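Dropping the structures in below, format is structure tokens.
Consider the two complexes below, in which chain A is the common component and chain B and chain C are the respective partners.
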Partner chain A sequence: MADTNHKQVSVAEFFEKNRHLLGFNNPAKALLTSVKEAVDNSLDACESAKILPEIFVKIQEMGENRYKLIVEDNGPGLPKKVLAKAFGSLLFGSKFRSTGGKQGRGQQGIGISAVIMYGQLTTGKPAIIISKTAKEKQARHHKLHIDIKTNEPDIVESTSKDWTKDHGTRIEVIMEGKITKAKQSPYEFIKQTAVVNPHADMEYIDHEGKKHKFPRVSNKLPKAAKEQKPHPHGVEFGIFKRMSKSTSARSVKSFLTKDFDKVGSGTANAILKAAEIDGRTMPKLLDDDQIHSIHKSIAEAKIMNPSTDCLSPIGNEALAKSLESEYDLEFVKSVTRRPTVYRGFPFQVEVAIGYGGELDAEGSVTMNRFANKVPLLYEEGSCAITKAIKGISWRSYGLSNSSGSMPTGPAIIVVHIASVWVPFTSESKAAVSNYPNISKELKLAIQECARSLQQYVKRKQRAGLEEEKRKKFRGYSSEVAIAVAKLISNESYKIAKKDIDKTAEPIQEKLLATAETMYASGKEIDEGEEENDE
Partner chain B sequence: MTNSKKDIIAKLKKIGEQLEKTIKENDNPEITMPVRTLTNAYFDEKDKLIRLGDKRQSRTFFNVGQSRKFMQTVLIAAQIKELLEQDKPSISTRQLYYILKHTIEGLKENTFEDQAESDPVIEDLEVAADSLREELGLEPTPKGVFCGPITYKDVRTGDEINCRKMGTAGAAIPANVEPTAMEFQKSEAKFVLVVEKFAVWNILNQMKFWDKHKCILLTGKGQGERSARRLVSRLNKELKLPVYVFCDFDPYGYYIYSVYKQGSINLAHFSERAGCPDAKYIGLKYDDIEKYKIPKTNWIKMNDQDMKRLKEIQNYDWFKKKEWQKEIEKVKKWGWKVESDSLVSLGIEFMGEKYLPRVIKEADFLD
Partner chain C sequence: MADTNHKQVSVAEFFEKNRHLLGFNNPAKALLTSVKEAVDNSLDACESAKILPEIFVKIQEMGENRYKLIVEDNGPGLPKKVLAKAFGSLLFGSKFRSTGGKQGRGQQGIGISAVIMYGQLTTGKPAIIISKTAKEKQARHHKLHIDIKTNEPDIVESTSKDWTKDHGTRIEVIMEGKITKAKQSPYEFIKQTAVVNPHADMEYIDHEGKKHKFPRVSNKLPKAAKEQKPHPHGVEFGIFKRMSKSTSARSVKSFLTKDFDKVGSGTANAILKAAEIDGRTMPKLLDDDQIHSIHKSIAEAKIMNPSTDCLSPIGNEALAKSLESEYDLEFVKSVTRRPTVYRGFPFQVEVAIGYGGELDAEGSVTMNRFANKVPLLYEEGSCAITKAIKGISWRSYGLSNSSGSMPTGPAIIVVHIASVWVPFTSESKAAVSNYPNISKELKLAIQECARSLQQYVKRKQRAGLEEEKRKKFRGYSSEVAIAVAKLISNESYKIAKKDIDKTAEPIQEKLLATAETMYASGKEIDEGEEENDE
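For the complex of A and B:
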């Protein structure tokens, strides 16, 4: 397997040289990316084993710009066979595939081992992995490095110890890092993660030893995403070619019907007829031109949209509930759109808008972007979600904005896009690309929430006006009462203020009582026009 | 009809009592007053005055659009009553605004935000109490001057003012020219000459035109304000002096003349006391241009706005007389205007020695 080996070596070396592409540009971002990869891993592990996640994160200061990251979960634990490899080898793992599959957080599986490698590169310290499956009596402790040349785990020490947990995994990595207070802090990431994972129970101890709890809001595990064959419309030529070479199908026709989603016998016949290929041909024997013409006729063929049960949305109720538990809000509206498709990939958009309460009334609204339940904290400006929000005329929805900028007002907008394959603008997976279908869905979902917001804001304004009106009448009543008292008294200038007040009091009481009966009878104090004085 | 202080106090008190009664009956308190807009001003053909019609409006408290103004009206009424009861010096409308301006308890607003809010309410109260501002103890800022063979007594100070000896400055028109404040005494005047421009008045005064022709020479410095108009009206009615008005030869000059004569729309309630229905327009007139060969260099082309104003004036009921319609038609066709100042190009004394004496002698007026 010299070929594979060579490929793996280059992956590890590639990381060493190009870590900025994977989100390890600078100490602050690297620490955050590490938290993210570890938490993603834990959540995915729990969910695939149908376990309600309990996740513990701790960042411990170890010296100047040096931190120990600890992430522990109650996932199924990793069997002895794969444990070292799962953490100590880049691109290992069930998540790595190029087409189809199911919705997952990491999507590429480069994640956790990259964290270990980053720690190793910046501090030289080995990572500690502790894992236990329910079947095992003791937990396995590994201290390991990644061998950059071979992309193999290099286990420094391996022991078995008792663990209080029945099952789970814990990882400790020491790395160079920096804590920012801004929007891109680990705290913000964990808080946002809690919002979109209402079924997870999370606890975070920050570098100052402060404990933050994000309790579970929903005991329902999200609908499990199903494995799915790739939809032909989402498969690019190179991948299509590779699939044709490695398929176990004996004929082109069965290659199409068995390896792809939504391709039945009729569809396959139509595709092959248009491509002028005999369906009985062995896939391995197709030449490049033939593969090309099949791929081309697939693009032109009418094929049913992909099945969407490979998606796992948060669900609008859970999303709303979760947002309410993380923020003190007056109003929440959430929407989960029906799944739809871009370029053959199913995707689904969810939006929640929260309003009022603790939110800042003056500044820009808070925007939380998520892809497959993972917060996106960087590259805000180039993200389709940001663009969709900026493209809406918020003025008509109860917030204010100048065109092309973020709206301002006491609101939080949470946008989640779930997909088998979220199209990111770059490898660091921080911004969603602007595909027309995605932009359209985003816009519709945001607008649907915005309409409810508008109604709420309007109602609130009306109630506010009503109260304002009462206040005004109260204030005016006292002025009028005193003036009338002066008018009806002889030589009022000689009368002491308290005696004028005494005369005024019953007059004011009457005025207020009259105002109240008018309100009570529902007889709006008529909004008569201003008289026309010139 | 003039009101004494007592009358006004009684009127204001009555307004207060009416309000109290309505309030105690749990009803919506209101103050009614004549409408003071063009829609309710009309030209009284018989008396030749612009008058206020019968249309009344009511200002109520329990009305979102009116409650603030209602409050302001009552505040002003109460304050005026207090000032009148105390026999204090008259104040200006601006001073009244300052007396009443304060922050309303529990609100972030003031009773009045600026004088532009209080001034119209004062005019409302004038008509609501069927009275004049001067009677309410509020005085406008006068700007006119006059002189001539007359002496008057300033009642409040007791000074006797001899308008024959006022020098080049002339006598300032007092803020309050009501009989209760200004008593006419010895007079040899035979008519009143009102000129629009101070510069014209200034030449005529220096020439002692008023002494030679035994007239009261007065200028309102442009549009005549309340006290100038009221003074001219009193001279006309009480001393039976004819009134002649000399203005610029343009639509605005026409209007200034007409305000002295019939009153204005805005102060239609004031016309009765400030109008001089038999006042005459001296000029300039269209025929004068030809008659005196006023050089073309003195003419000014009328612009669109001038033309528009001229057409408006032609449509006013009080300019419907044949002679005016003919005059305006001619001017419209001609398309120019001439300032009275420009007549000095025919000689500094031209106006005082030639033009005015001839027009007055020949009664070459427009009426």
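For the complex of A and C:
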């Protein structure tokens, strides 16, 4: 009677069927996700090896709704023993951490293998992987599939060949895809990636063979993110317990001070005292109740905020410079906030606002969202960044918006959130969850930029207004002068009608000179006068 | 230089960190998700064994933000050799299919293990599993954890005990949780589950010890969903290729006719002819290009829509009856649409609308969404069902709404989508994706119910209007009669002033009688008269 047809499903089988969870919902989004995963991978590889990235992307049309994606980098290359698995097995990689970690683009070791899986699902073609480390003489060429049932690479062909590159990695995947011209195109993704990665040199050849160059703007590698121990406030019970069982520390006290961030001897003593645990106890000997007491007293303990050198922000100068190099703007302001914390994870918000120039004065402002230097192109509506922008009353900052909607005006708002662990709303990593601390920081950062924008816009409006007044004044000056001349002709001066024009001339000159001086000195005309003016 | 710290991450490790993907975002949602996964599991188990389900759910407070969830069913029980893995290993189960399949609540073999994993993560406590099949004398008791690193059950204690039940399964999991009183409470979930599962008997004891009973409304088990072969139009290339390599069929032709739904000899011949493949070829010998030709000619071939006996709708009568048993209503209309297809998967939409009675006349209507008989309580905004309801202009159906928003009025709208493969927007399975065919069917089904509602509301409004007129008429009849009497007193009849009242009496009587007859016969008063009335 019972249904005993039970079996274990591989993670590859699961994600093949549920590939929408990874961002492969439809051909257009799948192609974009593939570009994103490959470029993320390349940038991460270069930065971890302290190499200034040179990235080449090409999308080649292979038939109806069929494209070959090529991504090549000058990264360190992957050693032979992990190369096939890094691309041919889901959840195999170097980036996954249950706790702690450092800021990176990819976080799970799932992205690039999913691209290969998607190519194979839709076209059946194997992927081509070429990689060479500086130590190796030749590059290794793999042609491989992913064996879905076992989640292992299935190498069809493997050879060694000369390569002009000293080190690097290149992948080629043929897949079903669709190119959109919308905001969510590969071109837009690469352009936005260039904006927030000013140290990267990127080249993109699109499906029509058109070459787009995004040259390096800064020769400085971003501050490298450091690997970080977990902060005790971000560690849940189950993980805390697991750590206590597998630690190499010989006492609970050294377990706390060595395996966690920001726990010194004093803090450890306080935690253990509150939990009524002897600090000399071996961690492995703690029973569940004891572990619970410690975990609970950690939650109640005052512990310094986590170290923030695991973060690698873009930097406000680099961000402003990069934005200016991609867009022709009148005004740019950027802000990098100090790092702060949610759920024990440090994070940092950066915002830049550009205004005027080539930007469209009609319609909504352009919003570019980034997480760990990766552009977010989908799920705009559910993202904390969008919500933060919509939640601001832009009228007081020189733009306009009706309550709860995107502001309108000639502006671009760039928001970047950097974190060891960005809380995405889904594994397609397109939107940031609405954690209160994150929302608050986002709002403060945006408002800080917006205040500068407001001053600029106000100054500009005033300059515009004054220029207009000056024009009006000049335009009417002759009539005013004549009127004045007439006025005085009828009164004490008794000027003859035929002489009015003659009399008006010097009056007009005088009027104009006074006006020029007045505007040049910046003297304000107060509200009352303004109204009379009209 | 290269980052060689590569390792394989278990699927348990991945989902422990990414548990928001499975619906464990926060304590309130996690508790609800746990109830849902356990109840889904129990209902599926009972139905697959053709047992009328009796399900007991209890949530017991164990401390601050800590609850024990108990779910017990009279299902077939699980045999010893799969019991531990079914609960202690993610992606182990009997329901996952790459293609084809049948309608079920759980689809992945991931839900109930995730509940246990969440309990362990937040409280460290092992889960208790009790199960007995009819064949066994005693029930097996397991106390188990999930070993996160290996994704295998870690059995702490295993015993056999007598059990009053002949067969069934019970689980107990202690977890961090939070009870909300909102629309997303366990109570609401169970109540809604009862509505769409009229054959289930459910009992719920909430955290305050209050007992809620949801008795069985129908003794008829729903039509069992049949396991179905995949329809060729829903099979992607990579899966098609894999099937061709692992089929037991000895010729391509029999591969097509035996392994797929709706492919007879004629259809297979047509497909193979268009692909220029000899039907006698052994499937295993096909090369990539040949497989491609066949796959392509399948896409272009006319093939009958998939069989729909893999679906198990609630049925419109059962749905209406169930809705009436849970709510006190004036009007109910339900519709079960004929099955149709998206991406090769059959699906079917059912809608019921209830009106009036205990429902609140102010504010938005109540909307209950279901997929495969499971209430959907989260992500309302991104669900195709919500979008379909909001997209209708309700003013013409007796309710009201401003463009693009939920209708308002005393109504409840129940929408159920049944499918072999419901395309959820995420693995937390709370919202249905917006596939065009699905959206269209949803709209048609809702509109069909809405037309009946419109007739009812119109009739009710007219009845109300007439009653009001009748009241007014009665109220004014004495004045009218007097006026008439006065009128005639001044004219030909010459009635004395003191006799006016006497004369008016029979006039009033006559007026009232005429009015009664008029309203009773349903004779309409045309618009012109209506307006004069006021």
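Note that in this section the second predicted complex is superposed on the first by the 462 of 534 C-alpha atoms of A that agree within 3 Å, B and C clash if a C-alpha of one lies under 4 Å from a C-alpha of the other, contacts with A are read in each partner's own complex, and residues count from 1 in each chain.
The rule we apply is simple: a contact is a pair of C-beta atoms (placed from the backbone, for glycine too) under 8 Å apart; a residue touches a chain by one contact, two chains touch by 3 or more.
This one's a predicted model, so the numbers in the text were calculated from it and none came from an experiment.
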Looking at the overlay, what does A:513 touch: chain B (first), chain C (second), both, or neither?
first
Check the contacts made with chain A and report whether chain B or chain C touches more of its residues.
C
After superposition on the shared chain, which partner residues are touched by A:120: those of chain B (first), chain C (second), both, or neither?
second
Should A:474 be classified as contacting the first partner (chain B), the second (chain C), both, or neither?
first
Which chain A residues are contacted by chain C in one complex and by chain B in the other?
none
Considering the complex alone, what residue numbers of chain A touch chain B?
469, 471-476, 478-480, 482-484, 486-488, 490-493, 507, 510-511, 513-515, 517-518, 525-534
For chain C, which residues are in contact with chain A within the complex?
1-11, 13-14, 16-18, 20-21, 25, 45, 48-49, 76-79, 82, 85-86, 89, 91-94, 96, 98, 108-110, 120-125, 133-134, 148, 167, 236-239, 241-242, 288, 291-292, 382, 423, 425-427, 433
In the complex, chain B touches chain A at residues 12-13, 15-17, 19-20, 23-24, 26-29, 36-38, 57, 59-71, 74-75, 77-78, 81-82, 85-86, 104-107, 109, 111, 120, 124, 266
